[in-house]
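Common to both upcoming complexes is subunit A, partnered first by subunit B, then by subunit C.
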Partner chain A sequence: MVLFIIFCPIVAAVLIMVGAPARKTALTASVLTFAATLYLLATFGDGEHGFQHVTSFTISPEWRLSFTTGIDGLSLIMVVLATIVTVAAVWFAGTVERYENAFYACLLFISGGAIGAFASIDLFFFYAFHELALIPTFLLIGIWGSGNRVAAAWKITIYLAIGSFILLLGLILLYQSFPPAFRSFDIRRLTVAVSLGQIPADAQHHIYLLLLIGFGILVSLFPFHTWAPEAYASAPASAAMLHAGVLKKFGLYGLLRLAIPLVPEGARHWTTLLVVLLLGNIIYVGLVTIAQKRLDWMLGYSSVMHMGYIFLGIASATILATTGAVVLIFAHGVSIALLFAIAGELRRRTGTLAFDELGGLARIMPFAGLAFGFGVFAAIGLPGFANFAGEIMIFFGAFKHGWTMDGFHIFQIATVLALWGVVISTVYMLRAYRKTFMGTVSEQWKQLVELRPTLRVPVTLLVGALICCGFFPQTFVRMVAPTFRTYLTANR
Partner chain B sequence: MMRVTAPELEIAVLVLGMVILMVEAFAAKINKRALAFAAIAGLAIVLIASFFVAPLPSPNQATGFWSFYTADRLSIFFKQFALLTTILVLIMMIDYAPVVRRSFPGAQDGVGEFFAIPIFTCAGLMYLVSAIDFVFIFVSLELVTISFYVLVSFTRRNPITLEAGTKYLVLSTVSTAFLVYGIAWIFGVTGQTSLYRITQALANSDVDRGVTLLGMVFVLVALGFNIAAVPFQIWVPDVYQGAPTPVTAYLSVGSKAAGFVVLLRVLLPFLTLPQTQRLIVLIALLTLIYGNLAALPQANLKRLLAYSSIAHAGYLLIGVVCFDVRAVTFYLVAYLLMTLLSFAVLIIVAQQTGEEISDFDGLAKRSPFLAFAMLVAMVSLAGVPFTAGFLGKFYIFYAAVLQRQIMLVVVGVLTVGCGFYYYLKVVRAMYWQSTTNLTKIPVNGLSRLAISALVIATIWLGVYPQPIFDALKR
Partner chain C sequence: MNLMFPWLILLAPLVSATAITLFTLRWKTSSSAISIAAVLVSFICSCLIFAHRTVAAAEFTWIGISGVFHVPLGLTLDQLSRTMAVLVSGIGAVIHIYSLGYMRDDEGKSRYFAALSLFMFAMLGIVVANNFVMLFIFWELVGFTSYVLIGHWFYRDAAADAANKAFITTRIGDFGFMIGILMVWMATGSLVFAEIAPRMSTIAGHPLLLTIVALLIFCGAVGKSAQFPLHVWLPDAMEGPTPVSALIHAATMVAAGVYMLVRVAFVIQGSPAALLVVAWIGTITAVMAALIATQQDDIKRILAYSTLSQLGYMIMAVGLASNDAAMFHLFTHAFFKALLFLGAGSVIVMLHHEQNIWNMGGLSRKLPITFASFLVGALALIGCPPFSGFFSKDAILALAYERNTAIFAVALFTAFLTAFYVIRMLLIVFFGNARSDIARESHESPPVMIVPLIVLALLATLGGFAFFARSFLSLPVEREIAIFVPALAIAALIAGSGLAIALYRNRASEPVDLELLRHKFYFDELYSSLIHWTQELLAHVSAFVDRWIIDAGAVGGSSRGAWGIGALLRLVQVGNLQAYVFLFGLGVVAIIYFAIFRF
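Coming up: the complex of A and B.
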């Protein structure tokens, strides 16, 4: 089943390249993948520890390298996120003028790569699947992008290439730091080896730093974030949805999956650094976001800013906060995809996303305004949406971490500052909503048309996911918490 | 079961070369393409036969022939490597033959030799990877370079080719002189030319280390010329650009691979000297930085591939510094696949349009097959997972991290970033840019087969590298 979910988009992409009808095949494949994921979700055994549905093919016995896939609660949530956003991204893509087949093939490759990375238990394939998305992203932004697409495409590709090679060094160092008898690419074996104390503390410091920089570049951690806003502003809406919603989360997933269980000592060692950097994301990038004058750039920066909360959850390494981080990863992925989708539809109609030229669009396109409003409220963190559930867990978890009666320590200070981030995001999100959808309609937009009725399906899907997860976060918590409980108690 | 010994392979190749040359000379009416097919078939038979050769462990105390010729696993593997390269280059030469014929107005002559000479080069490469004695290294290296003198300047009416030929001739001669001079110094101190005996002599403490090192440096200059390492790379861009394209491919794969095998063998005795490693680290750093930075602004694809060949020499040298034979071997195999793939596409496209990167504009519309093949080649050269090129870099970096070569790793990662830029420039031309010329590009059956095989092999080895390691272990 897991193999089907990974390879369905990839096979479909190959078929499309060979000449199958692009939109139909892509839509069928993404809906099938989503259905299969829902089936997995329904049959997922909550109580069971460890990975389920494991399949394994040996590649190299000598390196203990094998193509192993399987899911646990954490990876299943990531796969659900990936498949939901894929359905929406493919649905929103509509008709493409140039090279339609290549466009849909690229989208499906990104999706398949992300799903493959989330469902791989083997470090090597975990890494390799993520890279599968690199070239399609380059092509998507380069061929079908808008604005300063050439510079954006180069920037994202070279940033991510260097980031992934730094990550690769971290993984190699991780592999080598174990004594030869314990070396393996299998995450489960490595976790066992760590619990036996097979990895020295000073090696962990180096590994964690490499992983943090590598994953940090991929997730747009401050100060490595400059590729993200430009790329998302220039990318076609579907590509921005998939990249900001799903692919970028690979780095966060990697930190949760690798850094916390395998190099806990390194994580402790670099906590202060990470807290400083993530405050850069929340405060500095947050203020930069307020200054944006275009909707696409604002959304790009906001997606960088929100990474800060998730990093806060990861840095604090408490069960509550890391679980909250997973919920927020899901919530942010869905909400940013929704926002980019509506922004893409606006750009398709108006040809511009500058705040000065827009205004009053809710009167002409009430459904788009409503959908965007849901996205905005979710992004701000209004109760009832999944983002609120994630953020509140992160704030509580982080605030509790290292709390003593004699005063505030780094995590308490960081939490307080991060709470200001909520105010910042309220400012820029509501301001963007007002400038785009409220106010008077300018003459030139009077003849705009509302979203096609069929587009209500993906919008409903995304909003539904946000609200479901917002009202019932415990479904997710039950799936993830056991994983983190094993990770975090084993390392105490 | 038929028993074949290693030296018979080279003899078979030499005989094949002479037969083809004779037929070419005396049967004037024969279709020259038939000669190429005969050569390919002959080499393919030798390639198959080579799998029946049982590798012998390197005999240390052997005398006579076996004191300068080894048939160990490494050499057998690289003999197969040389044969495969030559076969693929001959296939490219068939595609390239019209260009050669055009430069000999009025007559067909010359084209026959164009197919025969690579066979001698191949024999030279096969000898070279078996050589464990300086004299034999020198002789087989000469066989390779002299046949390259002819091949590089084959289309000599073209002034650029003539310039390339002259440059290659002069600089190659200088490097040969360095080799002989270095060998003389080493012989003067140790009294030996056999690599094994030199190792023994160096273990003896009353040998003058400084003088041996000097000799080693001279030898390194000559080998640096062959593998295109900085600062001996000056010839590379001009010669690669000027030479007939199949010959460029041959130079950049065959000559470089053999050079690296010899480098690994020659360095072994000198690794006890601490200066050796530092020297090679320095060369590797320079090569990485120069090759990658100089490739950035190139607009001519052949020239870009020339600089990329320098850059890859840098990554290979990281493997040499760590003395990881398996990593170097795997990288060379990956390099063979992706480089020959890109040259094969280049030859076909260049005959329709040209060799500039802008001539590839809109290739995805004109020939999706060729564009996809080139995409795989470029992506593999850049080092994206699921291609052989990525695994090559993975093993190289693995070795470097294991030995804590921090400088090399840091520079290596940064240059990989550069690589993504200049390789993707080609992808960008093929897929982003549009063109007004929408005529299809014809690809003949044999080339289509070869290109498909190379694409599949590049992806296959990127997922399943074990066959290469098994071949080295057997």
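Coming up: the complex of A and C.
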């Protein structure tokens, strides 16, 4: 089943490349993948630790390299996120003027690559699948983008290539730091080896730093974030949805999957650095977001800012906060996809996303206004949406880290600042909504057309996912928490 | 009783809001019918639970990681919450019905009723929540529905701005509230009210910590109940439809801050320092809002400032450590203020959305029933015996007299001001000559709006009498000194009314002009310049740094490229992105291959 979920989009992409009808094939493949994921979700064994649905093909016994896939609670949620966003991204793509087949194939490659990375238990394929997904992202921006698309594509390519390169160095060092008897590409074996104390603390410091910077660049950790807003502003909506919603989360997933269990001592050593950087994401980038004058740039910066909360969960490395981080990864992915989707539809109609030129659009396009409103309030952490559930777990988990009755320490201060970040994000989100959808409508927009009725399906899917997880976060928590319980209790 | 039965109070409006949003947005009549049915179900359930003294409700887990964190969803059904549930759902029901008339021809009627149902869900959730996180959840949802309803006419710039202002300002209060909740959880290890109360002794050894926690939690109430210095959003919230002003911005939501403080009194009352701050914040708000109200010309804004002022009284009572007095005033205020707003709504609708009192005049003859009920509300508000406001305000004044003379003096002065501005409004709106054509041509509102007025007028009259109120609340104890305080209060009332009559009888324009009060002490101007010089300045500086230093530095650095793939590929100089990306892919594969397999 896991193999089907990984390869369905990839095979469909290949079929489209050789001439299958682009949109129909893509939509069928993404819906099938989503259905299969729902089946996995329904049959997932809650109480079990470790990976389920494991399949393994040995490639090189000498190197202990094998194509091994499987899911545990953590990766299942990532896969669910990927498949939901894929359905929506494909659905929103609509008709493409140039090279339609290549466009849809790229979307499906991103999706398949991301799913493959999330479901790989093998380090090599974990990395390779991510690279597979990155390349079509660059193409989507460079070929089908808008505005200054070539410059944006160059920038994201250079940044992410450097990030991947540093990450690769980190992974190689990690592999090398195990004594030969314990070397393996299998993440499960490595985890076991670490719990026996196989990596010296000194080596962990270097490795973690490389992983942090490598993954950090991929997730737009401050100060390596400036590629993101520009790339998302130029990218076609579907590409922005898939990258900001899914692929970017690979870096966070990597930190949770590899850095925390394999180099815990390194993580502890660099905690202060990470806290400072993530506050850069929350406060500094939050302020930059307030100053934005265009909707797409605002969304791009806001997605950078919200990464700070997830990093806060990762930095505090408590079961509660890391579980919250996973819930927030899911929630942010779905909500930012919704926002980019609607913003893309607006750009298609108005040709501009500058706040000064927009206004009152909810009167002309009530459904777009409603959908965007859901996204806005999810993003600012309104209870009832998944984002709130994730954030609150992160806040509680982080605040608890190192608490004493006589004063605030670094994590308490960071939590307080992060809470102020909630106010900052309320300011820029509501201001953007006000300037785009509320107020008086200018004459030129009175003729705009409402979203196609069929788009109600992906919007309902995204909003439904946010609300289900927001009302019943326990379903997610029950799946994810055991993963971290094993990791975090084994190490400290 | 079935364990799920009490949940019906919450579920009915939630189902209604969902059903309207999903299915009946186009059918306005069905939407309003669903919404009214839901609020009636809530009201009947609340009454049954109120009558049935021992009720238990099922409990669920919202988030639970064993041994680490547990947020239950459970109901508190004590005397306090049962009374409050009846009050909220009862007034809610009256206002739903009134809205049928007020919003009859509105194009967004379905959206309006969906939001109203969601509001009932959220507000009743605050009332029955049994732990801090659940309280906070509903607290935020109430803020959201308030945003939606203030911005109901979102295509008007003023309404859109007011909605944003309300939500953002209350979020600033919630920032403190959340920190307070986090600290309570850390200090006591629980979020459930019933478990925290006996564990408060663990914080008692750290008086400073306790004071900070109490004040942080109070921040939440400052935002939601619009207390100084976060009071600025409430007058602007009057841009919403008038029934919303009555339900949310007078009778229920803004009182949620007071209710919350009473609910967590075990935290607040542990710290005398915090109590003193709370009492003074309430006092300052009461007198400041009353001063501003004396110079306003918009009928709804006058009522909004009077709401601020009365909320100040309630917060004052909380700060003077009397939950009974605070809840008593909350109870009577809910009736008479809802009544006043609905009366004002009746006037406004009949005058085709004219809100300036100087364009009214002589309406007592045109709208007799509206006038009579408005008069009842006004007399209750100024604390004229035997109307309900007299008893509840007297309870607070007596309390202040006993515990803090300075606060008592200010409170008494506020009572004088209240009488002054209310009588001023009454004279200008209902007496003298009609000062505009629409005022001359107006007539009485339809029955669907009049009947709610009469119901509320009855309650505003009866609400203060002990025989009535005691069946809902535990009333504050009467003391020996009590005779002296009401005498002073009535003197203040007579002085205020007398002054208003002397100044405003038969006037056609404002005889007094006090810039400072007319401009609401310049709070809006102060805050916007504050925001301009802090947040906006920081934002623009950050954006500049991001663009010209971080971005330029990083990109410049990588393209000058001493290392990394950027420089490597610059050598290739293809300039064609597809070729570039292809090379990149090849390169990565090659690196992996050489790095791992040929090490």
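By our rule, the second predicted complex is superposed on the first by the 492 of 492 C-alpha atoms of A that agree within 3 Å, B and C clash if a C-alpha of one lies under 4 Å from a C-alpha of the other, contacts with A are read in each partner's own complex, and residues count from 1 in each chain.
Note that a contact is a pair of C-beta atoms (placed from the backbone, for glycine too) under 8 Å apart; a residue touches a chain by one contact, two chains touch by 3 or more.
Everything numeric here is computed off the predicted structure, so don't read it as measured data.
J.: In the overlay, answer first, second, both or neither for which of subunit B and subunit C A:A102 touches.
T.: After superposing on A, A:A102 lies in contact with subunit B but is clear of subunit C.
J.: Once chain A of both complexes is superposed, is A:L273 in touch with subunit B (first), subunit C (second), both, or neither?
T.: Touch partners of A:L273: none, neither subunit B nor subunit C.
J.: Who does A:R431 touch here: subunit B (first), subunit C (second), both, or neither?
T.: The answer is second: A:R431 touches subunit C but not subunit B.
J.: In the superposed arrangement, which partner chain does A:L196 touch: subunit B (first), subunit C (second), both, or neither?
T.: Neither: A:L196 stays clear of subunit B and subunit C.
J.: Can A:I135 be said to touch subunit B (first), subunit C (second), both, or neither?
T.: Both: A:I135 reaches subunit B and subunit C.
J.: Which holds for A:I158: it touches subunit B only (first), subunit C only (second), both, or neither?
T.: both
J.: After superposing on the shared chain, does subunit C or subunit B touch more subunit A residues?
T.: Of subunit B and subunit C, C contacts more residues of subunit A.
J.: Answer with first, second, both or neither: which of subunit B and subunit C does A:I172 touch in the superposed model?
T.: Both partners, subunit B and subunit C.
J.: Just to be sure I read the superposition right, which of the two partners does A:Q474 touch: subunit B = first, subunit C = second, or both, or neither?
T.: After superposition on chain A, A:Q474 lies in contact with subunit C alone.
J.: With both complexes superposed on chain A, which partner does A:V457 reach: first (subunit B), second (subunit C), both or neither?
T.: The answer is neither, since A:V457 touches no partner chain.
J.: Taking the contacts subunit A makes with subunit B in one complex and with subunit C in the other, which residues are shared?
T.: The overlap between the subunit B and subunit C interfaces on subunit A comprises residues 127-128, 131, 135, 138-139, 142-143, 154, 157-158, 161-162, 165, 168, 172, 176.
J.: Where on subunit B is subunit A touching in the complex?
T.: Per the touch definition, subunit B meets subunit A at residues 364, 372, 375, 379, 382-386, 390, 394, 397-398, 401-402, 409, 413-414, 416-417, 420-421, 424, 427-428, 431-432, 463-466, 469.
J.: With touch defined as at the start, can you tell me which subunit C residues reach subunit A in the complex?
T.: Those in contact with subunit A are residues 61-65, 68-69, 133, 136-138, 140-141, 144, 151, 154-157, 160-161, 163-164, 167-168, 171-172, 175, 178-179, 182, 185-187, 206, 209, 535-536, 538-540, 542-543, 546, 550-551, 554-555, 558-559, 564-566, 577-578, 580-581, 584-585, 588, 591-592, 595-597, 599.
J.: If you look only at subunit A, which of its residues touch subunit C in the complex?
T.: That would be residues 63, 124, 127-128, 131, 135, 138-139, 142-143, 150, 153-155, 157-159, 161-162, 164-165, 168, 172, 175-176, 223-224, 226, 284-285, 287-292, 318-320, 323, 360, 362-363, 377, 382-384, 388-389, 392-393, 395-397, 399-400, 403, 405-406, 415-416, 419-420, 422-423, 426-427, 430-431, 434, 437-441, 473-474, 477, 481 of subunit A.
J.: What residues on subunit A touch subunit B, complex-wise?
T.: For subunit A paired with subunit B, touching residues are 17, 59-60, 62, 99, 102, 127-129, 131-132, 134-135, 138-139, 142-143, 154, 157-158, 161-162, 165-166, 168-169, 172-173, 176.
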